[in-house]
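Both complexes shown next keep chain A, but they swap its partner, so chain B is in the first and chain C is in the second.
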Partner chain A sequence: MKFPDLHATLFWVLASATALSAISVVLTQNIVRSAVWLLFSLAGTAGIFFLVGADFVAATQLIVYVGGTLVLVIFGVMLTAQGPFISMKTSAAEWAFSVVAGLVFLGVLLVTVTQGKWVGHFAAVSPAESTSAVALGESLLGIADATPPAQLIGTAAPDQPLPRTRMSYLLPFEIVSVHLLVVLIGAAYLARAKRRRGAAA
Partner chain B sequence: MNPTVELANVYLLALPEIVLTLSACLLFLAGTFRQNRHFWAMKSLGILGAAAFILALPFYRQPVDPLFALQAPNMVQPIVLDRLALLLKIVALIGGAVLVLFSWNEVSDDLAAEYHACLLVIIAGVGLSAMANDLIILFLALEMISIPTYVILYLQKTDLGAREAAAKYFLLSVFSTGLLLFGFSYLYGLCGTTNITALLDGLRSTDAGRLPLIALVALVMVVAGLGFKITAVPFHFYAPDVYQGTSLTSAALLAFVPKVAGFAALLRVLDFVWPGNRPPGVALGTQAPILFWILAAMTMTVGNVLALLQDNLKRILAYSSVAHAGYMLIGLATAPELAHQAAAVGGGQAVVFYLVSYGAMTVGAFAVLAYLSTPQAPIETVDDLAGVSRSHPAVALMMAIFLFSLIGMPLTAGFAGKFFLFLGALEVRPEQAVLFRCLALIAALNAAAGAWYYLRIIAAMYLRTPLRAIDKPATWPGLAAIAVCAAITVALGVYPTPLLQAAKAAVGQ
Partner chain C sequence: MPSLGLLIAIVATILCLTFVAVSAIFFIWLERKVAGRIQDRLGPTRVGGRFGWLQTIADGIKLLVKEDIIPANADHFLFRLGPYIAFCGAFLAFVALPFGNGIVAVNMNVAVFYMLAVMSTEVFGVILAGYGSGSKWSLFGAMREAAQVVSYEVPMAICVIVPIIVAGSMNLVTIGQQQGGCFVNWQMFHDPFSFLAFWTYFTCAVASCKRAPFDLAEAESELVAGFHTEYSGLRWSFFFMAEYGAMFAVSGIAILLFAGGWHTGFLPFDPSVALKGELGSVTVGETNPWVIDFGWLLGNLINVIVFILKGWVLVFVMMWVRWTLPRLRIDQVMMACIKYLLPISCALLLGVSLWQLALASFEWLHYFSWALGGLCFFAVLGVAWKLFTTDQPPPDTGMGALLQQGGPLMAELAKK
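Let's look at the complex of A and B:
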């Protein structure tokens, strides 16, 4: 790595920005503000993905979450809100429950981080040299293999790999398009049913 | 033997599903031009028949082996057509045909095309999830079942209760999908591959007792995610409300289809299916049988106890669906133990058998309710069924068969299924014998308690005088659906051997 210091500095900046925004999401009572804090948190996560060389995941994060989901949240608030500001009051019981749930989840994540001698772990790649999108594109077309032989973390690679067929992501891709078609039909009916009811009333 | 199979050949295995999906697209498109429920139901039956024909084609004039020989055992490929997949695809196609018959007159003319198209996509999803040998394809196939289900739930009824049911099912289903994906991501992190065969091979490269702790996290998450689909306690909360709110056809769909897909996924991902010489299924840790033991005991007990308190027929059947999921979980708890010994009936085998039996009897029971209901006078409570034996003797008799089968009376499929599951629990080797005898005892007590609420319905049908006249004109598709379910229920009860052998070959025990 050429600039370890720059890398580390960027990581800490992005990580603390992500974490602080995440805390603000929870603490803010106004839902629109909360959504804006979520924007920073998600963008920070995307930055961290870029930093570790997962450029495709990072781009997806930006497009799907920052670009799509967040806009949906804002639209949802705009279309359903009765007043200009929505504030959410949380009761003590809800606080207690969410603190417990959060702590359990934190425990799971801590176990994951401390237990993990992950396969090929933390090979920091400079964003300029990252080619994960290329690899994914090749496996989409079936040029490269999408499923490498399995290796359990902490053990040696199997000496006799299983006989294999090359996997491509074309079939999954087609399945997703069927999902989208059904969702479109469903959405059309949802909207139409509303209009029909409106006309009847 | 050259084990490398071309990718195109692998995808040819999914040809019936491809046909189903393409036809569904055509139905969506053509539904705008013609609105006639008889026309579209007939078309769907034809499409299902075509898919069955394509599925059967490679076996024509050949012994069963060539298609399976196309795939070497332990083959790393994204989809496999092994005996389990073949069996479940046949079950899915037959189940789909029954559901088409069942909902023939239950959907309105203007929604018929979309309804049947969604149903075809769901059937294709079941077939794909039975074949999936890759976490990504498995996940997408399960979603291919869930997403059209949301649409069907919303399409059929739009009153307040139905909308609540659809929203509830949607939100909880999405949540469970999140859990499932979380578990899958851990599996991927553990092994670095999404292929299930390769993944299990990697997990088995170490001693099951020395697996890292994250394997356990993955196990719990995957079971939780799939537990929603099979209505295992504590993921059953949605079932009674959703069944009650939605139409009878959707309720039957929800009771049958997600269970098939969920158990198929559990059997495959958690290594209960093994071809030939591999060691039995505790790839994800020795804790798996205990986890399923607890789940089975809780699910049976909660389902049966809460069903005792219900008066609404849909809620009774919903809790009964929970209870039967509990019985099936016994099979998963005993499967790793039974695989070590020469058991007469293995755990996974009993689960597959029970899955088919449960599907026939529960879809049949819902079909009877739909057959007797009219929009003006729906059959909702036990009282509504009072004296049906006088106005509709044949239908009442078949309802009695389904209910006796749900209780587990001899000569019905329910008895055979329960017998094999309980037998498995009693056969477990001495070190674990006490634990599993307890499970068998809990199951027997539950079956006895369950008899009460089913018998109440039978008593109402046969012993009470009608409170109101049920005058529904006879329709042949509804009757046909009931008759098919009744025939399967009785046939499996009287002569269970063929399906039992097929199930044995399917899970490889």
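Let's look at the complex of A and C:
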């Protein structure tokens, strides 16, 4: 008796669920339901990441995007709190723009997919053996070869300087985080309680 | 062989699911008993003998046969979806939670991160429930919940990073293995920052489980029952299962990261390692022989029991806190998070980084854990000694007096 490939089956289940939810995001008129479909779509993507053994990316996908969708849902709730379950109307011009943008993106994806060299199937990766977070961290710091185990934790300094690539991701990472800090401060400034000048306290 | 993998996956899932469900049954009984004792009453005493063991089962049957009401104003789809998402968030966390040395459904490299990520989706169910109910009380409760959980996740995650920096791994099995032997090896006692991080983490964890004193989302004095006002029957019980599941999950993370995982703290060896191959073994199967090692099994049984008991202690502390402290106001909840817990956790993160990078080269600092661990040990001993040696005066007021003095007191009252 031949069993179907478990990983392939799971992949098809997850992928079709993700795609169906993505379509529902577009077709649903109710803004909160639409955000919920978006949640399923993003969670399905995280599931696919888990399936191929990219645990770190998958958990990040969950914590970042699901958190992001959470905010979307809250906004949706706040926007529709006036009357219950207000639905969205999309104008013809908006439809036209989105169809064009979607087709262009589809074209880019198709070109990429057809040009790449694809291995027939992916091997099942056990989560404990999948790419460790340490390796990710080391590549963030630009350490190319970590075979003398990089003592990034603790003080025991490595005997010889670790070989580093010229391209470390630390600087871009810091720049992005400073940008985010600026956004945070700006948001706090905009949202703080306004005190009118000259008004009695 | 995919069938074997599938079989193992199904067994692991069923075990996790059973654990979540059965511990919810136990915790609900325990909560009523603890609440009763703290409020000077008895709690359940009727169903299932003297201690009311079967009270939760009786409640469960009641919930099962209750009418399942969906309000006319509700968004049916979201109303039905809410409880399941909340439960999935809590349940999925157990997939990566090791109960013993390698006793884990999925031994994940980034287990801590995964658990935090998955548990953050639980709040989604709450918001959908609150919104979908079409009731203002539910909506208020859900929005409070959203604000609270999203805020408390930040200091909680930062507190989790502190022991990860000490351990150098996010794999919970590895972190657990590092804390074997005497209890001073527990990461809680590694340095002052980890010790404080444990308490900060636990506070944030209580808040993220929306337990009192942070249970604003279901403040019955102002919001009826918060987000689950409109729920009844089985759907409502899903929220309860999610809550109790999440309580054990965050306690489990705390135990594994700070308090030695499945190690007793007194045995100088890990029973699952020490007993391996000592008690004989049986080989099952012809083509793919499975060796069942009884020593390993016994050792891991001890480990699992120790881990679960430790988790229950923390869950008990949560209940104790709930029935002792009054509920905070929503502004106090947010202030406690943003003004106090967040800066504290950031300072702890900086402190532990400094300790690991600059101070760990001083040999004498390694004795710190002995000092702190010893201090805590003697403090616990002292409290226990005080508790068991002090003569408790008989309670002269309230229910306790009635129970203890019973008849004579009633007779006296009757005379007056």
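Please note the rule applied: the second predicted complex is superposed on the first by the 126 of 201 C-alpha atoms of A that agree within 3 Å, B and C clash if a C-alpha of one lies under 4 Å from a C-alpha of the other, contacts with A are read in each partner's own complex, and residues count from 1 in each chain.
Basically, a contact is a pair of C-beta atoms (placed from the backbone, for glycine too) under 8 Å apart; a residue touches a chain by one contact, two chains touch by 3 or more.
Computed from a predicted structure; not experimentally measured.
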Which superposed partner A:Leu106 touches (first chain B, second chain C, both, neither): neither
Partner chain in contact with A:Leu171 - chain B first, chain C second, else both or neither: first
Partner chain(s) touched by A:Gln115 [first = chain B, second = chain C, both, neither]: first
Contacts of A:Ile74 with chain B and chain C, given as first, second, both or neither: second
Chain B versus chain C as contact partner of A:Val183, first or second or both or neither: first
Touching both chain C and chain B, counted on chain A across the two superposed complexes: 152-155
Residues on chain B engaged by chain A in the complex (per definition of touch): 3-7, 10-11, 14, 21, 24-25, 28, 72, 74-79, 114, 117-118, 121, 128, 134, 136-137, 140-141, 143-144, 147-148, 150-151, 154-155, 158, 186, 189-195, 197-199, 201-203, 205-206, 212-214, 217
Contact set on chain C toward chain A in their complex: 2-3, 5-6, 73, 75, 77-78, 81, 106-110, 113-114, 116-118, 120-121, 123-124, 127-128, 131, 134, 139, 142-143, 146, 150, 165, 168-171, 356-358, 360-361
Touching residues on chain A, where the partner in the complex is chain B: 108, 111-112, 115-116, 118-120, 142, 146-156, 158, 162-172, 175-176, 178-179, 181-183, 185-186, 189-190, 193, 197
Chain C-facing residues of chain A, complex: 3-7, 30, 32-33, 36, 39, 43, 55-56, 58-60, 62-63, 66-67, 70, 73-74, 77, 81, 84-85, 124, 126-128, 130-134, 152-155
